[in-house]
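In structure tokens below, several structures.
The following pair of complexes shares a single chain, subunit A, combined with subunit B in the former and subunit C in the latter.
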Partner chain A sequence: MRVELKVFASLAKYAAHPLLSADGVVELPSPVSVGQIADALNIPRKEIKLIFLNGIHAQIDTAVKDGDRVGFFPPIGGG
Partner chain B sequence: MSRILRINTREKRYSFESPSPELQALGGRALTSKMILNEVPATCHPLSQFNKLIFAPGLLSGTPAANSGRLSIGAKSPLTGGIKESNTGGLVSQKLARLGIKALVLEDKPIDDAYSIIVIKKDSVEILPADDYLGTTNGDMIAKLWERFGKRVGVASIGPAGEQRLTGASIQFADPKGHPGRAAGRGGLGAVMGSKKIKAIVVDDGGADKLTLHDPDAFKAANQKWADLLRNHPVSGQGLPAYGTAVLVNVINEAGALPTQNFRSGRFEFAGDISGETLAANIEQRGGIVSEGCHPGCVIRCSQVYHDKDNNYLTSGFEYETIWAFGAHCMIKDLDDIARMDRLCDDVGVDTIETGVTIGVAMEGGLIPWGDSKAAIELLKKVGTGDPMGKIIGNGAAFTGQALGVDRVPVVKKQALPAYDPRAVKAVGVTYATTPMGADHTAGYGVCQNILNVGGTIDPLKKEHNVEISKDLQIATAAIDAAGLCLFVAFPVLDHAEGLQLIVDMLNAQYGLSLGASDVVQLGISILKDEHEFNRLAGFTAKDDRLPDMFKEVFPPHNTTWDFTDDELMKAKTF
Partner chain C sequence: MREIAADIEATWQSRKHHTGQDVRTISDRDMAAIAEKHRQPVREVCIQCLKMGITPLRYLRNSPAISLDEQIILAESEVAVAGCGGLGGQVIVHLARLGIGRLLVFDPDAFDETNLNRQTLSSSDNLNVLKAEEAARQVAMINPAVEVSAHAIAITDPGQKPLFSKTNVVVDALDSAKDRLFLASLASDLGIPLIHGAVAGFEGRVLTVFPGDTGMEALYSSEKPDGPEPSSAENLLGTPALAPALIATFQAMAVLNILLGRGPSTGNRLLHLDLANASLNAFTL
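Showing the complex of A and B:
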């Protein structure tokens, strides 16, 4: 299945992984969880503070389906 | 004991007085709002001689406490018609505090058109002619005043927009490098300063003694832990210094809450082009400064200096809200052009949030095309020139919307909404509606719990718990503003219980008090009660606590609407 994945701020360095295409798509066998996507791309789970699944907060064990949009962030703030 | 310095701008005379018992324990926003309530008739015209403009350092300002250099400026707002506290960094707060000045109050107004500058030193207060400076931009003003009075004196000035008393006018402050990148932007306080014909205020604390602390050892111990807390929290210690506040562009966009094309959707196709990551990469590549403080003693250092492609200085203090207002809101994706507009705003002296939202309203009204950054720059350049269209833009979003026949005008109490859609970040929507300031994210930053998972987690798309958290944050924010602390200390304080206690410990060690954490909460409540009372006396009612009809539109991608009733919102104002 194809998942759109975006990694931001200090996690952006993990985007240079062969599984992740230049336009931010990762292909994985289904079913898969958010955490398993992070594992497949060697993104340390402890560095991920915020997970968005289609724009909604998700957990590390939330299931992901084909066509979903996932975003990973470290702890950030501003305003 | 610290004193209150009053300056009569008509008679060009000044006086010092001891604060009344009611005012003695107050500072920052607590002091400005109390004095505005007590001394300014709520029904007065904000540009009349009856309004007062009050500058008050926070309670911890002038001490070594980390991130305590924030200044409150209060008045009746010419933009909202209600009470206003606008908060800024820069150099003035700490210098006033070290000079033993608890509040600087500008009163009355001249009957002629002669402008003055005020120069405050350890042993003197001078009110000097300023007609030679008329029309000078804030950037040039600071350079001239530093040349005349010495580098690193504190400067607060107005640009041509303030001289013209436009309701979007800001008061700009020199940052530690002398750039005009710090602003008391919101609420048109630059117009109040312009009405009193004060072009600039210079504060020089040369020769002043250090502030006397009641218990220096206890203060030092608490401040050490305080600075460590700020440095060790990942948001204030890593995210903000690395990317600035613009780190929010991507996360607010990902959450579907980045208001795009005048609040039509929550995702901007080109968010990456205007993100904090792009901003930081440009600075790294071109030169500039990725991370610097807005005042001495800041350990978070979320400000920056941004250069163009040829490595020429463009702007400083380049914030998320500004980048959003001229960016996603206007469908503009050129970060350098957005930086140019930030600089133009700082120089002419207008609020970047108000003005960016106004440019979007002008696009809504068909004056210039969506996304056309060059046309936006040309429009912005008219502000402060005397050109009628520039006057319309400089008066803000509500005024411009009316001038152009626009029905989608994102304001509360005539003040433009900031960079989070209230339908997708409902806690901050409650704050926009109910804060006495008009739409203001800083008054109760529910983005923490709705989006950033700081201080807990609350669903941003539903009503549940969002009124309560907005109310709690409004109380806490008022207290932080009274202390003179940077609002970003809230990130570690919300996550760590000892943070509030350390603030209390520092206040107690400074003043010889025995406050508890509950006293800080009571202080926050008392500030809000004063502000609500002023607005009530000014004629505000529940209808002024509503969001505009445009927020009944369905908002993609989450397809939510603004659905709070008046009664529900009233709970955020009930103590």
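Showing the complex of A and C:
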């Protein structure tokens, strides 16, 4: 299945992973959870503070289906 | 007040608005002279002018984006800004130019050289000066019709609640998770909307938090089941001037929307902006 992934701020460095296409699409066997996408792309789970699935707040164990959009944020606190 | 109105009536001048209409206007200098004569704050004279349909020249180019009636609402409002650094300094400047009548500004720190890359109130000649006091000094120069209460303290104590008894909106321009969560809980307890902003690198986010919303816990709660909090992105990416200026502008707009009852009324909507990729994403918390 194909999932669109966006990695923000200090997590953007993980977008260089070969499994992730230049337009931010990753192909994975289903079924899969948000956390398993992070694992497949070598994004340490402990660096992820905030997860969105199709624009809505989600958890690390939330299930992902074909065509979903996933966003990962680190903590952001600068002022 | 009747004597003040008479002096205003004798002082205003007609001027062509950029839309082509003739409007009644008054200068800062004349408002200051009337305020001094009657021993009243400039803010009071300014509000009286607005109520008489006379536009202070300094607000002429706010209209019609901001109407005369809306300018009165702003002049009678109070906004508290927690943090006078990269975000807070820019928010304070925006709110002063918009004409918010009363500002409470909070920051326990003084400017140092590492602030100069981004903090708009900092300069080579005010290093070691308390940020809150410098904010008050600069606002007085930008807009004498704004009254500023400068507090060189952190907001860490529920006993500080009485400070906010007249506050309409609180701006979170802080830089630590713990302080942000405390401020959010304080604002929620007081029933005051809070405008959260945070930056890292060329990115940043803004969130309007209404009393009872739980969005800030999602952003900053330390309840992570699998170990300690990761390093915050601003420490890994730095904070050049551009993202703080951008996010502060969104925060000031959110303040304006709340005070004037405009814009999206839904809470828990997180806006993330990325200058490097010229992108804006909205998320639901």
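The rule we apply is simple: the second predicted complex is superposed on the first by the 76 of 79 C-alpha atoms of A that agree within 3 Å, B and C clash if a C-alpha of one lies under 4 Å from a C-alpha of the other, contacts with A are read in each partner's own complex, and residues count from 1 in each chain.
Operating definition for what follows: a contact is a pair of C-beta atoms (placed from the backbone, for glycine too) under 8 Å apart; a residue touches a chain by one contact, two chains touch by 3 or more.
Only a predicted model underlies this, so the values are computations on that prediction, with no experimental measurement involved.
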Side-by-side fit of subunit B and subunit C on subunit A, or clash: clash
Contacts of A:Lys46 with subunit B and subunit C, given as first, second, both or neither: second
Subunit B versus subunit C as contact partner of A:Glu4, first or second or both or neither: neither
Subunit C clash site on subunit B (candidates 117-125, 207-215 or 405-413): 405-413
Subunit B and subunit C contact sites that coincide on subunit A, given as residue numbers: 6, 8-10, 49-50, 52, 55-57, 71, 73-79
Complex contacts: residues of subunit A adjacent to subunit B: 6, 8-10, 12, 49-50, 52, 54-57, 71, 73-79
Subunit A residues touching subunit C - in the complex, by the definition given at the top: 6, 8-11, 44-50, 52, 55-57, 71, 73-79
Touch list for subunit C against partner subunit A, complex: 83, 85-88, 173-177, 180, 197-201, 203-205, 218-220, 224, 226-234, 236-237, 239, 243-244, 272, 274, 281-285
Subunit A-facing residues of subunit B, complex: 233-236, 238-240, 242-248, 250-251, 254-256, 266-267, 275-277, 302, 320-321, 441-442, 445, 447-448, 451-454, 457, 459, 461, 487-488, 491, 557-558
